[in-house]
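In order of appearance the chains are A, B, C and D, and numbering begins at 1 in each one.
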Amino acid sequence: MSSLVRFGVSLEKGLLEKFDRLIKERNYTNRSEAFRDLIRQEFVKKEWREGEDVAGAITLIYDHHRKDLLSKITDIQHNFQNIIISTQHIHLDHDNCLELIAVRGNPIEVQKLADTLRSIKGVKHGTLSMSSTGKEIS
Amino acid sequence: MSSLVRFGVSLEKGLLEKFDRLIKERNYTNRSEAFRDLIRQEFVKKEWREGEDVAGAITLIYDHHRKDLLSKITDIQHNFQNIIISTQHIHLDHDNCLELIAVRGNPIEVQKLADTLRSIKGVKHGTLSMSSTGKEIS
Amino acid sequence: MSSLVRFGVSLEKGLLEKFDRLIKERNYTNRSEAFRDLIRQEFVKKEWREGEDVAGAITLIYDHHRKDLLSKITDIQHNFQNIIISTQHIHLDHDNCLELIAVRGNPIEVQKLADTLRSIKGVKHGTLSMSSTGKEIS
Amino acid sequence: MSSLVRFGVSLEKGLLEKFDRLIKERNYTNRSEAFRDLIRQEFVKKEWREGEDVAGAITLIYDHHRKDLLSKITDIQHNFQNIIISTQHIHLDHDNCLELIAVRGNPIEVQKLADTLRSIKGVKHGTLSMSSTGKEIS
């Protein structure tokens, strides 16, 4: 963990009062912690546009009764095994599954994996959570 | 304009150095100005979710040769005249027009106007820019 | 305008019924029109990632009483005049202005202009609406 | 699985050709599958705005060396155990962890959990993936 630096910030009184209410509402312990979060959000967006090594999660919703669906999803994951860390499978009801795939690697490849999984016949919905390896935002 | 309040913020050394580079890249004059922007972005999102009085812009792209299109767009704008401030019309080429509609009012009504305009046959694309009246973020 | 092609689409009965309700709610005249919109949204996103010539709008909220603010905003707009088509200025109240700038050109330059304007001291909020020249989505 | 309904859609020739290329690029098996996806995306957005029962994933990046951090994250997860299905923990490097939390329940509560976890001192980044239980989009 890197050392802390303290510096002054000037804000309009009214804006600061509103910000303090927002901080309380969202349970931040103090202003510095809230600023840190706002800054890190900007950097994570930047990592996904310009970076080489990102982390995140792909979610898939699908009906596991669909013929060949499970084997297709598994095949593709094997083709991308260099960027998949692990997969978590949840049975939402008799038909629907939620799959959470932890991913790490080049942002373009991760995006490609998400697009490929999402486009499989029988996959009802897919999302890609863009997060970070944490190294560049500490 | 409300008075300025100065207070201290603590950030990890590495994160602050990266933030300073970002500030420079985006031409902010100083850290306070960059923080102000990050805060205001949060508040504008909140105004659109919970507020009563927002401002913004609707953009439309359409082919003005489409029969009855111009009169439909104008009719709808008249029905929503209480939330439309003014409209700017740009000829992109022989066929395509860009229309910028400055809007202000209740966020649900503004969203409804944007949806209604976007769904007209012949409108190729529509966006809604969610901004603010400025009153709550100064 | 290019000629129409008709083709068949298969959808789950339940999903189609829900889609028909959505279409009604958003005032689309028919399913084809709604599909057209969904497709064009995808293409406009693609144009901004990969294209050369896009159109859109920048919105700014600022307090015109701020010293030198108007001249700074105008100076910058002149430096980017090759991508600015026109500007619309609205007085929201005694202090706050809404400025709508119609833009067209290379997506990276348009983004740069938006970032530069947004970072000026005194500009309270800025948005960039990503639309299209219409040529590639007809 | 509900029965399939087939119906006709009309699209501009140029737009359809571009759409076919996009479909190929993203590996969809046919147009119907691509349309299904576009429609479902709209419905999932709607579920999160208006629905009662959604599913998704929260991602967290944090440094597990931070004092008390692990116990705080665990405490909060216990307070929200009615909406948490399971949690997956990945060691990204010596310091950084990626945690994937599968969630299901009321969208407002899920959002509140995400905000609460994200605001803990030491959590570097958090995302909320908005997906679906799959029931309403089949």
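By our rule, contacts are C-beta pairs under 8 Å (C-beta built on N, C-alpha and C of every residue); 3 or more make two chains touch, one makes a residue touch a chain.
Just so it is clear, the structure is predicted and the values come from calculations on it, not from any experiment.
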Taking contact as defined at the start, I'd like the list of chains shared as neighbours by subunit B and subunit C. none
Please work out which of C-D and A-D is bridged by more C-beta pairs in contact, and write that pair. A-D
Roughly how far is subunit C from subunit D, centre to centre by C-alpha average, rounded to an integer in Å? 26
Taking each chain's mean CA coordinate, subunit A and subunit D are separated, in whole Å, by 9
Touching two or more other chains - residue numbers and ranges from subunit B: 1, 40, 137-138
Topology of the chain contact graph, where touching chains are joined (line, ring, star, complete, other): ring
Which residues of subunit D touch subunit C in the complex? 1-16, 18-19, 22, 31-32, 35-36, 38-40, 42-43, 46, 136-138
Given the complex with subunit C, which residues does subunit B contribute to the contact? 1, 26-29, 33-34, 37, 40-41, 44, 55-57, 59, 61-63, 65-66, 85-86, 88, 90, 92-93, 95-98, 100, 102, 104, 115-116, 118-121, 124-135, 137-138
